[in-house]
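Structures incoming, each one as structure tokens.
Here chain A shows up in two complexes: once beside chain B, once beside chain C.
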Partner chain A sequence: MDAIQAIINGKEISAEPGMTILQAAKANGIHIPTLCDHPAVSPFGACRICLVEAEKNPKLLPACTTPLTPGMVVFTNTPKVIEARKAVLELILVRHPLNCFSCPSNGKCELQDVAYELGVKESSYADPGDTNTSHEYEDANPFYVRDLNKCILCGRCVRVCEEQAQYHAIDFQGRGIRTSIQPPVGSPIELSDCVFCGQCVQVCPVGALSEKTALGMGRPWDIEKVKTVCSYCGVGCEVEINVNRKTGKIANVTTNYSSPTALNKGRSCVKGRFAWQFVNSEDRLTTPLIREGDTFRKASWDEALSLVAEKLGSIKERHGGDALGFFSSARCTNEENYLMQRLAREVMGTNNVDHCAHL
Partner chain B sequence: MTNDFESIKSADTILIIGSNTTENHPVIGSFIKEQKRKGKCTLIVCDPRKIEMAKYADVYIRQKSGSDVALLNGLMHVIIRENLHAAEFVEKNVNNFDKLRETVARYTPEYVSGITGVAPELIEDAARAYARGPNSAIFYTMGITQHVTGTNNVRTVANLALLCGMLGRPGTGVNPLRGQNNVQGACDMGCLPDVIPGYQKVALPAARQKAKDVWGADIPETPGLSVVEMMEAAGEGKIRGLYIMGENSMVTEPDSGHVRHALKNLEFLVVQDIFLTETAELAHVVLPASSWGEKDGTFTNTCRAVQRVRKAVDSPGEARPDWEILLAVGKRMGAPWDDMTSPETIFNAIAKITPSYAGITYGRLEGGSLNWPCPACDHPGTPILYTAGFPRGKADFSPCEWQAPHEWPDEEYPFLATTGRVLYHYHSGSMTRRSSTGDFIKEMAIEVNPADARSLGCNDGEMIRVSSRRGSVAGAVKVTDRVPAGMVFLPFHFSETPANSLTSSQVDPVSKTPGFKVSAVRVEKS
Partner chain C sequence: MALYRAHVLICHGTGCASGGSPKVLETFREELQKKNLDKEVLVIATGCHGMCEFGPIVVVYPEGTFYSQVKPEDVAEIVEEHLYKGRIVNRLLYKEPISAQKVCHYKEIPFYGKQHRIVLSNCGYINPDNIDEYISRDGYQALGKCITEMSPAAVIEEMKKSGLRGRGGGGFPTGLKWSFCAASPGNKKYVICNADEGDPGAFMDRSILEGDPHAVLEGMMIGAYAMGADEGYIYCRAEYPLAIKRLQTAIHQATEYGLLGENVLGTDFSFDLHIKEGAGAFVCGEETALMASIEGQRGMPRPRPPFPAVKGLWGKPTNINNVETWANVPRIMLQGAECFAAMGTEKSKGTKVFALTGKVKNTGLVEVPMGITIREIVYEIGGGIIGDKKFKAVQIGGPSGGCLVEEHLDLPVDYESLTAAGAIMGSGGLVVLDESNCMVDTAKFFLEFTQRESCGKCVPCREGTKKMLDILTRITEGNGKPEDLDTLQYLGEQIKATSLCALGGTAPNPVLTTLKYFRHEYEAHINEKRCPAGACQSLLRYTIDPAKCIGCTKCARNCPVNCISGKVKEPHLIDQEKCIKCGACMANCPVGAISKG
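After this line comes the complex of A and B, so read on.
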């Protein structure tokens, strides 16, 4: 099919058939603010922040769910659009606390970004006495906390659980101002179908969902992301280690739904996302150890390596290379496994080298 | 895996056997679930435990543990009887069809039902769905391999795929899901007793000549011992020194009582690890290694995709990357390894001797993973194997007869115990138990069928003791119909309650894999 020609903000653009106004705008470098839109999930049209004006349409249109049609003339930032967006945002802010400085999402909060862009500081509709929307802070599991007072009902978590995690463990519950995102009635998250893959936490645009293990580990602006591969099973999920540049420590682990190199397409499981704290464990070995009777004493690398070389050499000399065995590791890199079998075969003269492939 | 993850989107039938996919390979589980939930495939799940995947299955087969060869032969019996096999593909690509037909002839659904406990109609349904395709994929894991007949189990899986021509196209394949991040790579690199990198057999002069040409050293021609055999040899004093890198044998190997004896019997044990594991505690020298996130290198995943892993943070104290330690040990013993000074230069050495990695460089991997075989720098990699037939010409059917497991419930040990992992933990638990997952699941829970729980008189959470001919372990009961009556399931992550004190070190004669999935046990309230 032919490309669609249309005009956005007076600029002639070309888009693939089937693209929404938002997708066409993005592809042509035109910014439209969004909240419920996310590359991991299908368009939903929940938040209405992306409203735009189109000629011959009496109403404003949500850019994320409206297909671009040939010859369409779209305006993304007329006074009417801006006014509508501000009103929508103020309605969202009615139920959103403004204690941003203590929020773990401060600095990466997309609601904050939209409010900044639109110059909105608070909601003129807010009723300080309203308790209809107050929720308890939920932190019963070790993986993530739910603070539904901050939830803006964008539905990203619902969609990512359904479309990526394939669990549909949560959904909208209740009506009107009492709507909230919940597991099935009467069951806490911990007893629901949730398997704590954390994909909902990753896509939450605000601080309604946050990683419990990342709390206090670093502010968003201190984080540097390093792309690597998960350390657990053989699927080989691409993950990003988020390093706090100030402490030099891991702050958390995330995935990237837009990465062209990710075989997992941004998906994760509980181990890949949340089970990284062993790296920072107090139990880590930090120095070579040499046995003395029933205990160990600390040793220098030089002393430990000399002893290893001497003992292996002596056994080889007295009993031959086949009196030695080498257990390599499926946890280690290709480079390390390669060296281990060369050590066994080339240096020690034995094929007694194996690893835990069968275990 | 013969196929890649993208291939799942083309599968019309997916057969999962002996893989608890959603707990052990959750992201692949989500790809398979997506295909099923979109109504794009028929799902067949074969597992003694009613795992999560069984909930979504069109055909759920609950075979007895250890009966897989009979079950798969039964499927092939139905397929041949109803003339559903890919006759043309077989004729052109596979030898030995007559022998296969002869072998499976007596595996009628009724006969197989007697061995597996599965209704004959279910066997027929599964056979027809798999053969119908048009594209059918098989996924399996340790439920197939960790039996003393594991090699025959795998051969029989391959027979089924060959019989129906389910190889070489998107949506098909024989797809073993590998359990460890780099178990594929460790095998590729020749950390196996009989091959150098690239599966070149040490017994063949050509491989030894190649090693001599590239490494400049003579390597021995007799294949070495496997992990389990080395442990036996250590117990007998034939192996006197062991170098263990990143492996907690005390928890992950069968018959842990014997492992302790063997390790204590050694003249010299060096353990290189990130923690003072149960195994490291027995060492003469412990070398502190860098962990994941602290070093550069490559991993090769379950679909043969080689990927870069990167250093993000420094190691604590004086801990060093394993590659650095191994280089230092080798050089101290006189190895002329000056060409290797970094992960990248080591990788270049790998590419020199490993034909399937020859076209892979760190530079190319920056653009994304490459699936081996990738024999040249302009080769795009091979996400799906056998698209142009089999490299050796024709494949062979290897028909197998079903053999009863090495151990079977009897009067003294009336239950069957099987071991495995749970979603929240990983292998010996040395990583996950030191992470947030360790706060969520703190100890072993033994799955017991409600009927058995009633006759034992124990409720959810009460303590029971499970004993085999080799050892005994106690833990809290989790009453669930995930296990059938007569079977108990024990996760093996917990060193204080080692499930592997129950298991036998009897191994498959070819693969040397222990029969972890079957132990005859006694269960008592404790």
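After this line comes the complex of A and C, so read on.
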């Protein structure tokens, strides 16, 4: 299909058919602020921050859900649009705490960004006499904390859980001002279908969800992202190790939903995202060890591998190949496991091959 | 078929049924049997007559004698006097509120005089649980005509010509809507009947479903044929158990008669119909939330486009109309579009059913031609204000609508006029308010409702209505600030402009219209800490007139918080700090020395 021609803020743009106004603007370098939209999940139209004006349309349109049509003339920053965005933002800020100093999301908070862009410091509607809801700080599980007082109900977590993780462990609950994101009625997160893959934490635009393991490990501006492949298992998910430049240590692990090279397309599991503490563990072995009597001594790889080869060779000579068994790990890749079974069958002459993942 | 010399029609709508009409019916059968009249007089349970205020209602045919507020103990007298001796029981006749005259016959009652009952024409006349009675009143003739003589395109053309507009509140032309769904590609399509009537005080759709369920079924089938759908859902709120029961019976009977299911009336047209019970969320009346609810998801609206006609239930092209719209369809197809279009105004055709409630003498269900004035509805059909108090406003369109005032009394009721005046047609809720109603309190009531029913998805509706409600609460409690009015106005306009669905988009209307027409009432609350209507309890002050007080101490003895002091035979005094404004003193004062204001 032919590209769609339209005009945004007086600039002629070209977009792929089916694109929303927001996607087309982004593809053409035009910024429209938003809070509920995220590239990893389907458009939702809840936060109303991305409202824009279009010619011949008396209503404000949400850029995230409105398809761009040929010849459309869109304005993303008219006074009417800015006024509406400010009103909506101030309504969000009525209940959102402004204690950003201690918030783990300070510096990467998208609500902060939108407030900064619109020049809104606080809500003019907030009133100490207001009756508002207050939620308890939830930190019973070892992986992430929920502070629903900060939640802006953008629904990203609900959508990423349903669409990416495909668990649908949480959803909107309650009505009106009592609406909140919860697992099925009455059960805490720990007893729900949640598998703690942590994708909800990553897409949360504010500090309502934060990684427990990352608390105090580094501020967003201290972080350097190192793209790598997760070593936890053989699947080969692409992850980003977030290293604190000041300490040189890992702060947390994230994924990139728009990475063209990631076979996991941004998805993660609980181990890949939260189980990285072994990297800097004091118990971690960093060199091969050779047993001598009741003790171990450090050795080089060459020495260790030579010793193994020699011992394996002598066992085979004395008792035959079937005296040996080869046991591999699910943490190895398919290629590594393939090589190991060739070593067993072709070099050592045995079919005694097994691994740990058949539990 | 056996012949009967008389028919006793007993209303079994929700109003009359809760007033005891099933017991009345049972007693009729017993009494008739005692008198050996059970082979001569047939007793029938019908749908709603509309005059719910005066239920249980019993109409005796052939003459059409209209008895109101009939209790089981009255039945023996009706049987003995009316059915045995042929003498009308005068004391049970309906008393006309304006002239205070007893009215004998159905058609002479002014409540019905101005009405034009098209959609409600079967309600109260037929037994809704008996398909034969519907068929005897030309039921399913329109369906037969459409599927055997007309092409789907011709049916849609006829609907367009009729000028029927959606009765659920939006007022979108029905024929045009059908044409979108018909033109939408796909070999699986759905039609849905929106029976999730949720406006406070509205019961139009319930009465139609209870009184004439087959009309809705027939309308849906005609629509399905026209749009190429073979499956339908009726989304009915679970709070309407009687309507659901009657629909189930209707579906069962229609299926037995070959009017529903495979190859309807021997044609190629097949149609399956399901009932889906809603779980009581107001927002599920919004079409995208309704479809999400049918699919088993949380009832939460989604942005349009895509419109249901393109991507609706289970992602298939879907057409949604409300109960009253569907019920209009068979009449239009049977009598012709011209006949329908002859009623009403230029842009609003046909009739509209309203649930007339509030401070009028005759509350109930009324069906009026479009273009009738509000004055005619309130004063002629409604019989005027209770206690002949002063008319203040009508709230039209429920929580999404607005109020209209005295200057609008002669406004014609049609989509355009109402919208221009700041209200909406809505689904048909019409609440009449008198001088004792506080408009700030009324606006607060509706906002409490919308805030409680907001699905919580979009910011303006969730947070904004709460903010407005907080301000209104503050004002009614005497803590309003002068700048509150500008804030209310501004927030109201922004919420309208930025909300996702019509719930939020219309929620500020009650506030905005009352601000427009009753700003002085808001100002009195804020500046003078006074509620002119005397309705806001926090602003009430009970005072004792020392000149009238005889010092009998009755007030002090009845005060639950002991805030009245004074010696015997000397004027008493109320401590305003302690007073909880319960009104016990005023109710007990023998000399009327206590006033509130």
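The definition used in the following text is that the second predicted complex is superposed on the first by the 279 of 359 C-alpha atoms of A that agree within 3 Å, B and C clash if a C-alpha of one lies under 4 Å from a C-alpha of the other, contacts with A are read in each partner's own complex, and residues count from 1 in each chain.
As a working rule, a contact is a pair of C-beta atoms (placed from the backbone, for glycine too) under 8 Å apart; a residue touches a chain by one contact, two chains touch by 3 or more.
Computed from a predicted structure; not experimentally measured.
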Task: Give one of first, second, both or neither to describe whether A:Cys332 is in contact with chain B, with chain C, with both, or with none.
output: first
Task: Check whether A:Ala46 is in contact with chain B, with chain C, with both or with neither, and answer first, second, both or neither.
output: second
Query: Should A:Asp322 be classified as contacting the first partner (chain B), the second (chain C), both, or neither?
result: first
Message: Once chain A of both complexes is superposed, is A:Thr228 in touch with chain B (first), chain C (second), both, or neither?
response: first
Query: Hey, is it chain B or chain C that touches more of chain A?
result: B
- prompt: Looking at the overlay, what does A:Ile4 touch: chain B (first), chain C (second), both, or neither?
  reply: neither
Message: Touch test for A:Ile21: chain B only (first), chain C only (second), both, or neither?
response: neither
- prompt: Which of the two partners, first being chain B and second being chain C, lies in contact with A:Ser268: first, second, both, or neither?
  reply: first
Query: Is there a shared patch on chain A that both chain B and chain C touch, and which residues make it up?
result: none
Statement: Listed in rising order, the residues of chain A that touch chain C in the complex are 43-48, 51, 59-60, 62, 65-67, 83-84, 87-88, 91-92, 94-95, 125, 127, 129-131, 152-153, 155, 171-172, 174-179
- request: In the complex, go through chain C and note every residue touching chain A.
  value: 281, 283, 298, 300, 302-303, 305, 451-460, 462-467, 470, 474, 479, 487, 490-491, 494, 497-500
- prompt: Considering the complex alone, what residue numbers of chain A touch chain B?
  reply: 141-143, 164-166, 195-197, 212-213, 226-238, 241, 243, 248-250, 260-261, 263-264, 267-272, 274-279, 281, 283-291, 296, 299, 301, 304-309, 311-313, 315, 319, 321-359
